[in-house]
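Two complexes are shown next, each including subunit A; its partner changes from subunit B in the first to subunit C in the second.
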Partner chain A sequence: MNSAVMKKTMYFFVLPALLFYCIFWIFPILKLFQYSVTDYNGYVQNFNYVGFNNFKTLFQEEVLVTSIKNTLVYTAITVILGNIIALLLALLLNANIRAKGFYRSAFYIPTLFSAIVVGFIWSYVYMPQEGLIASFLAKIGLTNWDTNFLGSYSKALYSIIAVDIWKNIGTSVIIFLAGLQTVPHELLEAGKIDGAGKWKLFRFITLPMLATSVTINITLSVINGLKAFDFPFIMTNGGPGISTNTLIYAMYKMAFTDQLFGKASALGIISFAIIIAITIVCVLTLNKKEVSA
Partner chain B sequence: MKVLNRKTLVMLLVAILLVLGACSSNSNNSGTSNATNNPNNSTESPSPSTSTDEPVTLTMLVSGAKAAEGEDFELETLPRLVREKFPNVTLEVQKLPDEQYYTTVKTKLGAGEGPDIFLVFPKLANMGAIEVAKAGYAADLSELSFWDRVSQAAKNDMSYDGKPYAVAKGMDILGTFYNKDLFEQAGITEVPTDWPSFLDASEKLKAAGITPIVMGDKDPWVIQFGMYQLAANSVYPSDPEFDNKLQTGETELTDEKWIKTLNQYKELYDKGYVVSGSLGMASAQAIQQFVDGKAAMIFTGTWDLPGVTASGASEFERGFFSLPGNDANQPVYASASTAAGYALNAKSANLDVAKQVFEYLYDAESPLFEAWVASNPSISVFSGVELQHDIFQNVLSEIQSSGNAFYFSNQMWPAGVSDVMQSKFAEIIGGKNTTAEDVAKAMQDKYKELYKE
Partner chain C sequence: MNWLKASPKYVVLTAVVLCTLFPVYWMLVIATQRDIFSKVSILPSSLTLEHVIDIFTKDNYMLPLANSFTITVTSLLIVLVFGLSSAYVLGRRTFRIAYKNTLLVWILLVRVLPPITFALPLYIMMNDAGLLSTKLPIILAHVLVNLPLVIWFMMAFFYSVPEEIEESARMDGASEFVIYSKVILPLVLPGIAAVTILSFMASWNEYLYSVIFIQSPGDFTIPLKLATLNSEQELTEWGKVASGGLVSVIPVLLTAVFMQKHLMNGLTAGAVKE
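For the complex of A and B:
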């Protein structure tokens, strides 16, 4: 009966923490499932149960498909492009260049600002005709370029993603830089002696040694992409139309503008399922890669 | 020994749970007892202990931006003057941007932690008087003494079941601010009074190389500003009961009147009268363009007066007129509505004190009332208060003499319908093949989803 490691009674000490965890974490999540089948409007406490009506309307509406698509595009681009750029920058900043410290901090500075500030500044940069990019293009004589970045259906989403990458690249660069410090010189030297070129050194020595950093960075940017909300909220209000609605943004709009907490909860459950599925796939594949590397 | 240990632990846990439970039930009790007591205590006989001696802190949550220059009325003047009159009362005011205001105040009210004084909008609008009263969050204000000085319309718009729940800040008019110098430059001698002459004026401006209209459509709500002015001419004059019929299902937003309205607004974009790339411009940026003299007109409401009269890169005289959506030889209807107003929290523990503050704030003789009138860009709904801003004189006297005005359409829609109108109409602005009929249909679908008896 008596465990050699720990007395059974010790488990009771977990209870207070568990209690709080259940009250403030598990219970609200279960509440979400309850609300998803009601017409709760967020603050009038007597509501009706409406079955799966919320899900039915969601599946009939354009906004579900648009926001899922946008979220996936957002995530894919921030993960792939963001990490490739971050890796290139990290390699540059790891090279023996002058004023390395200055460049390293310069690339990290955007990360320090709040998303609100960054979004606000960039909406001025993107402003048509008068904005920084528009006036720069006009200065160098490219007047017939369309400079309406945030107001165009085809460009708004990508313009926002670019800002997100710009802001968050510092974090990824730092993680890659830290990873690069752990690549042993002996291995690189051995590779050189064996006659490997720069690309081969990178592909067969540096990159495998960076596997952990890659996993961390990809996981972080997948999470960041899937819960994208700040920039659509600050820079475009999900617009033009609903073209930059992400899952979380659509949920926020539904809950707080339409006052359909029930429907928003239903959307919450759908995105919960999507996010869980993507995370599982990611973690499983990356774990395998890391072990084999 | 071991058994005892386990027993003590279990007892300890039970004790903790009991304490936690007691705490929450305690606060519940005090909350409900206050709420039930309050209606019995009328304002005339507040318990003297709360009104004079004990320090009381009132919380106030409103929306808007802090005044750019000078003292902000809600954040600075109001708490100071309340302090002078009631030395024991501290008023803590928080001002939030509109979007955040809605979410914050609803969350707080829903959690039973609502502010004592908060901002409520007329009728059915988002945070509208009707829904807030229905939910039991706003206190019935009918017993307050100043109602005989408030215009009937303003009182009605803040009422539910015949009882007023908020005191409107005034009346707001949607209109067109215009640059008189640029109008002159383009050879426009008279303010347009019907739709053809408005299009004509815009054409002249455009031909003179002046951007006729600037709108910050990246903040999609500004689409309402032009639209409701057109609806006041194209929808309501021929059918003043339109929105009531909407509720009974007798008519729909896909009615030809709304199609006409949407097409009128669409025409301004199709003909290139609105600045190109407006979807990429925020409303503050658009106002700046107007102030800098880069466009001749901007659609917005009386509340934006401080913004559009701020000094910019260009000096010019501003004017204000109602966007004439009327056919030739028809009178112009203005789009005017009761502005938002302050309401009191029905569940507040300090409801009596808050009511006294209200009595003082709306007392014609008090310095607080004077300061309120002076700082308020809306047109006062209190009798005996003169118009503060001459720029609105023409439109206002027109409304007063003819009575030709209708409310902002969204005040009779459930919150969310106007959002669909904006996001669907943005597709038109963005050059997609969306038609006025598509927009109207999306609005009607949303209306049906959201409207509940």
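For the complex of A and C:
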């Protein structure tokens, strides 16, 4: 058999998955475009085509801007802060440390819990009076701090983001550690002999060698951030007000609480566009960086 | 002196570990204490298994456990059957590059697009078909999100199998299916183990699709059951939710401990340039 040509029968191996996706993924997404120009409520089969009214209403409402802004803030902080902390921890662990395995496993434990359990633990941590942080602050005599973390317009979003970082940091640490283990020791020694300081060794030897793990970690956390739903849903219900609405949360609420499927679909189309744009930019920049490094 | 030099590292690491584990430890305390609000102390004062027993006897916790198990295992099996055979073909050297890029974009899209964009219309489809009272929609949803991961992950493993092995089996007159199932699959077992663990963990803890696609309390998965315990009554039953949460993490924890090597392989695959 000519190895450049695949046997026709081989296509049967891909067919099931392909069909599955056409029916349950591509078709629904096409339907989404249809629903976005209707006043469909999700229950009554009769609906009218209303043109771009859904989009017009969305652009007039505060919830669109707020949820886009929150999603971007959520993504930016989890990506930047989460990865910097993870990288620092990985660097610490990569040094000659005893019980390395213990620390690595300990960082990974929160990842094992489901979002609902994590949300539950942290609601307890954040409780205004009896919570862990509030009790701790009271014990050391700081009673005049505002400890209403999840009920405050200015603090709720950041409190949720902290939980997300706490939950996902273990995975990033493991990926960075694996990358660090590929940095050749001789290269670092050579750098040292040439008189490079710690920062220079890191900047010009370690970091470029880490390019692949950086790409993977950033991609994973961008995807995770853009899809943020669980913690706003579990911990704050998008509130107070709409201050912790993310795109996905806003869509969910429009569709299932307010029963505005048409409007939710329109919001779906908008976030579709935003998320694809961000992903393309990320992939392109990271690919370029990785190649040049 | 060496010890002194290294100690700041240990101080920092230990502090971070405390921040990481203290909330988890606190859950353990809540789960094993009779009345949490009367005496909040670092060490549990009255150890009790009352809450754990309660969730099984009073809240029928076995049912959501069984549901989660059914949904996770069924979707995992479907994902493996579809995903492995697709990855086998797509991971072959002879597969045309043009298709490969299309595939890459598709896999990326499934991962990055807001899950709700296909979940909303799928919900309507399932509602119209009268299937919302069954476990089928949630199993479908889990297959949809895990399939691309499996295909993407396994492609690299199939790629690393030398094509000569297939050729020689073909010479011996083995059919395509026999080559695939008897010759190739056993060679990529480590990859299958890794991706199975990752998909299992993702399915077991999944929340958003469960909220959308599971309607009848009889089908509730663990996360949904915990959510009702958390909100149904006016006063959250902290002890019950904490013990339910701890019980739910046991399967995942056991997998992570006993399959640690495969889990690590799964998490770091692709993180290292070869």
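One rule holds for everything that comes next: the second predicted complex is superposed on the first by the 276 of 293 C-alpha atoms of A that agree within 3 Å, B and C clash if a C-alpha of one lies under 4 Å from a C-alpha of the other, contacts with A are read in each partner's own complex, and residues count from 1 in each chain.
Assume a contact is a pair of C-beta atoms (placed from the backbone, for glycine too) under 8 Å apart; a residue touches a chain by one contact, two chains touch by 3 or more.
Just so you know, these numbers come straight off a predicted model, no measurement behind them.
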item	value
Clash or fit (per the criteria above) of subunit B with subunit C on subunit A	clash
Subunit B versus subunit C as contact partner of A:Pro16, first or second or both or neither	both
Contacts of A:Ile133 with subunit B and subunit C, given as first, second, both or neither	neither
Touched partner set for A:Leu207, first subunit B, second subunit C, both or neither	neither
Contacts of A:Tyr153 with subunit B and subunit C, given as first, second, both or neither	first
First, second, both or neither for A:Leu188, with subunit B first and subunit C second	neither
First, second, both or neither for A:Leu72, with subunit B first and subunit C second	neither
Touched partner set for A:Thr236, first subunit B, second subunit C, both or neither	first
Partner chain(s) touched by A:Gly42 [first = subunit B, second = subunit C, both, neither]	both
Which superposed partner A:Phe256 touches (first subunit B, second subunit C, both, neither)	both
In the superposition, subunit B vs subunit C on subunit A residues touched	C
Touching both subunit C and subunit B, counted on subunit A across the two superposed complexes	9, 16, 42, 124, 130, 256
Residues of subunit C touching subunit A in the complex	6, 9-10, 12-13, 16-17, 19-24, 26-27, 30, 37, 40, 81-83, 85-86, 88-90, 92, 94-95, 106, 108-125, 127, 140, 143-144, 147, 151, 163, 167, 170, 176, 180, 201, 204-208, 211-212, 222-223, 226-227, 230, 238, 241-242, 245, 248-249, 252-253, 256, 264, 267-268, 270-273
Touching residues (chain side subunit A, partner subunit B) in the complex	9, 12, 15-16, 39, 42-45, 57, 123-124, 126-130, 147-153, 236-242, 253, 256-260
Subunit B to subunit A touching residues, read off their complex	2, 5-6, 9-10, 13, 16, 99, 102-103, 106-107, 109-110, 126, 131, 134-135, 137, 217-220, 276-282, 285, 289, 414-416, 419, 422-424, 426-427, 429-432, 446, 449-450, 452
In the complex, subunit A residues that touch subunit C	1, 3-7, 9-11, 13-14, 16-18, 20-21, 24-25, 27-29, 31-32, 35, 42, 89, 92-93, 95-97, 103, 106-110, 112-117, 120-122, 124-125, 130, 132, 135, 166, 169-171, 174-175, 178-179, 181-182, 211-213, 216, 223, 226-227, 229-230, 233-234, 247-248, 251-252, 255-256, 261, 264-265, 268, 271-272, 275-276, 279, 283
